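All chains are identified by letter, namely A, B, C and D, in their written order; residue positions are counted from 1 within each chain.
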Amino acid sequence: MAGQKYIDGKEVATHNSRASCWIIVHGNVYDVTEFLDEHPGGSKIILKYAGKDATQEYDPIHPPDAITTNLPKEKHLGPVAPDTVQKVEITVTDEEKARLQRVSQRPSLDEILNLHDFEAIAKQVMPEKAWAYYSSAADDEITNRENHAAYHRIWFRPQILIDVTKVDWSTSILGHRTSMPVYITATALGKLGHPEGELNLTRAGAKHNVIQMIPTLASCSFDEIVDAAQPGQVQFLQLYVNKDRNITKRIVQHAEKRGIKGLFITVDAPQLGRREKDMRMKFTAEDPSEVSRSGSDGVDRSQGAARAISSFIDPGLKWADLDWFKSITKMPLILKGVQRWEDALKAYDLGLAGVVLSNHGGRQLDFARSGIEVLVEVVAKLKEKRGLTFPNEKFQLFVDGGVRRATDVLKAVALGATAVGIGRPFLYAFSSYGQEGVEKALQILNDEFEMNMRLLGATSIKDINADMVDASNLSAHVAAIPGDRLYDANYESMQHARLREVKTKM
Amino acid sequence: MAGQKYIDGKEVATHNSRASCWIIVHGNVYDVTEFLDEHPGGSKIILKYAGKDATQEYDPIHPPDAITTNLPKEKHLGPVAPDTVQKVEITVTDEEKARLQRVSQRPSLDEILNLHDFEAIAKQVMPEKAWAYYSSAADDEITNRENHAAYHRIWFRPQILIDVTKVDWSTSILGHRTSMPVYITATALGKLGHPEGELNLTRAGAKHNVIQMIPTLASCSFDEIVDAAQPGQVQFLQLYVNKDRNITKRIVQHAEKRGIKGLFITVDAPQLGRREKDMRMKFTAEDPSEVSRSGSDGVDRSQGAARAISSFIDPGLKWADLDWFKSITKMPLILKGVQRWEDALKAYDLGLAGVVLSNHGGRQLDFARSGIEVLVEVVAKLKEKRGLTFPNEKFQLFVDGGVRRATDVLKAVALGATAVGIGRPFLYAFSSYGQEGVEKALQILNDEFEMNMRLLGATSIKDINADMVDASNLSAHVAAIPGDRLYDANYESMQHARLREVKTKM
Amino acid sequence: MAGQKYIDGKEVATHNSRASCWIIVHGNVYDVTEFLDEHPGGSKIILKYAGKDATQEYDPIHPPDAITTNLPKEKHLGPVAPDTVQKVEITVTDEEKARLQRVSQRPSLDEILNLHDFEAIAKQVMPEKAWAYYSSAADDEITNRENHAAYHRIWFRPQILIDVTKVDWSTSILGHRTSMPVYITATALGKLGHPEGELNLTRAGAKHNVIQMIPTLASCSFDEIVDAAQPGQVQFLQLYVNKDRNITKRIVQHAEKRGIKGLFITVDAPQLGRREKDMRMKFTAEDPSEVSRSGSDGVDRSQGAARAISSFIDPGLKWADLDWFKSITKMPLILKGVQRWEDALKAYDLGLAGVVLSNHGGRQLDFARSGIEVLVEVVAKLKEKRGLTFPNEKFQLFVDGGVRRATDVLKAVALGATAVGIGRPFLYAFSSYGQEGVEKALQILNDEFEMNMRLLGATSIKDINADMVDASNLSAHVAAIPGDRLYDANYESMQHARLREVKTKM
Amino acid sequence: MAGQKYIDGKEVATHNSRASCWIIVHGNVYDVTEFLDEHPGGSKIILKYAGKDATQEYDPIHPPDAITTNLPKEKHLGPVAPDTVQKVEITVTDEEKARLQRVSQRPSLDEILNLHDFEAIAKQVMPEKAWAYYSSAADDEITNRENHAAYHRIWFRPQILIDVTKVDWSTSILGHRTSMPVYITATALGKLGHPEGELNLTRAGAKHNVIQMIPTLASCSFDEIVDAAQPGQVQFLQLYVNKDRNITKRIVQHAEKRGIKGLFITVDAPQLGRREKDMRMKFTAEDPSEVSRSGSDGVDRSQGAARAISSFIDPGLKWADLDWFKSITKMPLILKGVQRWEDALKAYDLGLAGVVLSNHGGRQLDFARSGIEVLVEVVAKLKEKRGLTFPNEKFQLFVDGGVRRATDVLKAVALGATAVGIGRPFLYAFSSYGQEGVEKALQILNDEFEMNMRLLGATSIKDINADMVDASNLSAHVAAIPGDRLYDANYESMQHARLREVKTKM
């Protein structure tokens, strides 16, 4: 109607199926047919808007440029003719109503006593799919939980009668001061949990002087996140390396220009992990009719997302590429996802600034060891092979995964880590309470640090050394032999003394 | 009526009790009185057809020649006179109706994300007796579960920054290529789970280029299974050695003629194990009246099956017999069920092609160690005693039992195994979805292999070595001391922050 | 009425309270006032018959001479005048009716597949007090359960390709043949579980050629038990040593005269243990009014039984006494209840015939180690100190406690034990099924022995040696550190694929 | 009305809010506005009496001088004018009624068989807030429970054939005789559990000749507790060191003058721990409206109590201060809360009388090791470094935390402790049954000591040595790796034989 350049809404409306699916976002038409199965949120939600205007649903979750970035140019079909588009009415499901009711019942922030509490609330107030995406991990989620369990195999040897009137747990990371030996590590898709997404982290980090690592897969755009920082606020960048090195070069040099202080190259994800809870959720979210059709047409949708993503994460990244990185940036280079001492040694020998001993929060290789366990191995071997001691200014060790308490952080520091990355707990904090949640989380950590520095008899982070912990059981991967069910079922438990029963009067 | 040769259906009908029980199968009459207690499916189901035509019930479970093979010639009474046989009407029990209902509710194969899922579905859609037979194991089933648990004591040491754009997990078993370091190991009575029985495995193996080991106790006949193979498809044979060595010789030489590429002689089952879940099920399946009568007449029915079987498995098989095997076949000889290094060494010294470190899926000796644990012992000792390294082309080590993930397989390969046998998961796959289930199971393994090869930083099976795992806790047979029930009952668990309660409006 | 010698029933009837309590048994009157709190079955049941004829209640539980033996002479008041005694009507409680109903529902013996099953049935069909007495153990019952758990830390190393057509698990104990390396160990108060008490064990032992150890505290009299033996049947005697050594001498020499083949002197019970389940049951069984009165009068009834018993078990028994035993009998002397190698060594040096490594079924000192763990220590140290190897004809080692499977026995034999004592399982067997139960239990053990000898590749008990087990984890007393309840409560378990829901029609 | 000096009740009544809160106690007016958030019992209970006479509520919980001691002088506003005060009517809540009902249902003391029982009863009959205060511990309460669990990793090696007719478990602590190697350790706020508070402990201690350690934070005043002692009864003092050393000096010298025999200086609490159960309870106890207001005004109430207390516990206490202590008192000095051998060695070198290896009942630093574990380390190292053996008259080692049985105490003694402190169990004893409860608790310990001395073959405490225990697993901090939920959910448990079902008639 409005000439060649505009697409008529009625034509868009005919592309309303899995066979051909067009949607309208911000007045532009996109052919998402081939993208359906690659959509992290599942295809169902897109199909609901097939042939229609999806802007209202799109906005709260995606960065503005998500669709233009992720969809090849040829799928950008052009602007839709105004006034030809059908209005979309959003109906709120009973499930969603119940969730919103729960949101209104959140306890006051005063009642949140520890980082676990945020997770308990988030589990109840987040949309199910968002929860599944944040909380899921690889295969049987053994490594995911081991990350936390490993800290329980480390015990303290506190010292007494030290004047701890003043205790100071601030420290430096890559030469930048931080109020605590903790940084906010990179995690994807922040808007799934809260409309402000990663900006919650930026702003809370500013208030508490804690460094944020910006993820490649943020829901907010990189520049939005950098723009939200306070003057002087330190930010790092987590990088997935693209097959097209020009894209990577552009990202890295842009980051350096914007003042990013460290480049953390992810090396534990040549392919994104299979996370079955997340996959299971997608099937649940689909129409049964939809699923059976798909099942019968032989399309293997479960592999879709992984294949799609591997197009922008290069599985070919290798040691030889690190020279190229050095040639394009002056930012300190840190490898994120080192899991054995041999690789930490290589990184050191190549002159990198450090390594993050991490298994990607248990989301990649199941039965990878916890970062804290690898830390002990790395510290021992780099001392043996190169005479290094830790913490070390020149080559810094970081750990992430499973941290819930300041005591966990202090254990890592005692064993040689410069600082510890915390991810999910902050996601749960803003998913429950937005920016204030993250601030509260940081405040809780501060309170715990103050308390525990005093109780350890340490006045500064320098005092926290290997002598303060007993980590001799850290590498014990105990899986008890299976129980004797017949014997156990026969055993009648001991009983306590009990209150007398009162005869009810007739 | 029809002369001497034919038996009148009316006469058959008089043999309708435990005291004398005849049945008709495919027009022939059999006296199964003495076989009643040896029937793997229990006597009740036979007695239901005592004096009647059992063909309709028989066909879906048994190989055509089962009854003629298992019953002595003198119990083959001859053909029944046509038209004299009473028609049998099969009534479907409520229990069976409920099961068929569950069959119709199976989720689509797309929703099956891992090998565990098949078991979860099979448990619900299989006939109870079939489930009991497949899933049961020896005594307290400790070894059965330890087989899986042992893998959880092995952790990975992945390497990074290896170009894993292309990863290849194909390998060779006894010189034959396979798409993965996995073979379908031998398991008995496939038709209990699916009418096509072992053929499901043959056909799915063909599609995925995975080797099948044909069991002596298959529900389908050996030739049926070999006939179902594609040209060039590799099959092995698992062998129970008969007391009558002529029968064994016939089986072995027939197998070699039909192109079988390896002979796996079972050495861990001089007597078939007591599997109490299976035994319990048989009692449940019987009439109470029936059982009490049997109990009072002093017949020890629980030993029936075992005694019957020991007539065709020779408990006298010994090391000295191996020369005889070499004299009757050129097929590579492998011992299946080796459980200590001393025996692996003997097998090597005798020039055999390899050993399977196995405890028969936990179905024989309870508290036998897991194959994966024995593997570490064997590799260490054969290096010490004979200077061997593994994997080794000349003398190959296999492991089976407890495998559910490609990571389990990769752990075994890292520790020196050539390949790993998987049994029950494939049974559960075809019991739930037939051949497509097995194909899906193999596809899942492929997906897992691809993912995990990349995450380990290995481009081929050769890259997977002992340095990639930490198995230092593998031999820890931890059975924790019993808990303090009084203390534990007194302890009040920590509680999370909770949602506020909303006062319901009146 | 009938002269001085007879007591009038009416007078007896006036002694019907805790303050003064007389009862009539077999026509004689006894003053049991001071015995009330020492009665193993609690005082309530006696008080029910205070002033009355208790014969009908007494007979099924006690040996005929129990009351005359346990009560001081001066409390034997003399015969009651006939026809002056009030008749007692026994009312069956609802609880007892329910129990009798359960007795009638016992499954057939054919359905009993293992020793655990007897316990499962006994728990339901035994009177509660009897169950509490048999099943209870010391303090938190840690040792009681550890006795069984310890066997789960021992694993097999079976050998293959041994001709096991014939396997023989018979052996000798103190020079006497037995069909298996098992004896029926001494346990008290057999009639609590079955009216025939210990005679069930004697008769079943005869049938299966298994040696019975007669307890000092049997419900049947010693001579009854010896009389019930078959000609040539071997019996041992377990001995509590009395403060009055003349009593002990009489018992020992009478036993020797009656043909007892071994004297097992209990050394782990200078005082009988506190068994709280049993104590708790007594309070439950009492009238609340009764209890509060007792509570308020300051009588410490909980110590009653222990004090009473310590009058006939001498806590002063010491090493020096063993010479005296040698002087009064030629029977082989064995110490029952040795728990450290130092004491086993002393016993050897004193020329005793052996020791039982036992903690009294966990009924004495909680946190005593299991006999099987002590066995390994003893074997190692007696080799080191005296060059002994085990099993050893001259100095035999026995173990008891926690045994439920023939595999448990074979583990003990492999580690050096001559034989293993089994107690509670036989009690549960006759409490459920009388003598037939015990026979069945022995038959089950036989079946298990046959099976497991074959699977271990052992043709006789001599073949079962230390090389056949891996006991390297036996001494690991693992009590895991407490769990992280907040983390665990947050973790959402993985879920399997599920059946589709079917929409109900209408 | 009554002149300048008296405050009118009507004026008091206007200070009835969080903004300004006055209360009347024993006729005096106090401004507690700033104290509200520091009140251990929460602010709600005070606000209930804002502007009113709180004496009736105050008396049963607080020592008479609590309010004058804790509130700065300037908040003591002076006497209220008599007859101007509004009467307060106390309403009993349904919750409190239910609790009182439970109090009336307590079982008789005869039914209390062990120390666990007191806890089981106390949990039900104590006010919820009191229970939360007594039972709570630091962070995830891992150390709290580990204190008990650690004892379960120590096993006995009892000896036999020792004459144990007479056994004696009395011993000396710092030169003072005690009936058992146990003392009543210091715990705060005794009146929360019982109106007589710490006096219950004094009086029961007198009866059983057990030493009491008086806490700085008792509910009863120090002099009340000393006055309640019998002539010759030994008492120790636990000391929190005040920032104002004059206050501390006054306390110490007053104690010495009153006859206190040992000064236990707490060194593990430079700041009082965060105890989340206790904190959670306070929020629960508050009005929601109250809480939200507080949350919104930015007041961080959770830190209130800790800050308040740190004003009277000096976090600056250091090794150098110990000389000063020696200068002001002749009492033996003992450090309470030592947690590593290095600090025990320092204490020895400084000539102190001993150390308590303690983590404050798990209420301070979570993941501090148990005292019993530290004991083994200290004994080994002080032998190595100074040639000391333990128990040692000159330098005594004590342990507290997690003790529930006499066997626990005997383990500590065997490993070198002079005696063991028990705290919570006595609190639970008097919270359930007052003084009689504590006496019963001590009697139970006596009974257990007698029994276990006999069973260990020890006639006196000197006989209990390291050879009597196996503590080789004590330092194993086992946290098992996470379970495989999918595998476990699939596993179908073994089942026992079952009773037959009875067909109901009709």
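Keep in mind that, in the parts below, a contact is a pair of C-beta atoms (placed from the backbone, for glycine too) under 8 Å apart; a residue touches a chain by one contact, two chains touch by 3 or more.
These numbers were taken from a predicted model, which means no experiment stands behind them.
Farthest from chain D, judged by the mean position of CA atoms in each chain, is B. Two copies of one chain, chain A and chain B, form a contact in which under half of the residue numbers belong to both partners.
Mean C-alpha positions place chain A and chain C at a centre distance of 59 Å. Between the CA-based centres of chain C and chain D the separation comes to 42 Å, rounded to the whole angstrom.
Each of residues 111, 113-114, 116, 120, 140-142, 145, 149, 152-153, 276, 280, 476-481, 484-487, 489-490, 494, 496-497, 500 in chain A touches at least two other chains. Across the interface of their complex, chain C is touched by residues 114, 116, 119-120, 123, 135, 140-141, 145, 148-149, 152-153, 276-277, 280, 288, 404, 478, 480-481, 484, 486-487, 489-492, 494-495, 497, 500 of chain A. Those residues of chain B lying in contact with chain A across their complex are 108-111, 113-114, 140-142, 144-146, 149-150, 152-165, 405, 407, 411, 443, 447-448, 450-452, 454-456, 470, 472-473, 476-480, 485-486, 489-490, 496-502. Only residues 101-102, 104-107, 111-113, 116-117, 120-121, 124, 139-140, 142, 267-268, 270-271, 273-274, 276, 279-280, 283, 291-292, 294-295, 300-303, 306, 314-319, 321-322, 335, 337-340, 342-343, 364-369, 475-482, 484-487, 493-494, 496 of chain D touch chain A when the two sit together in their complex.
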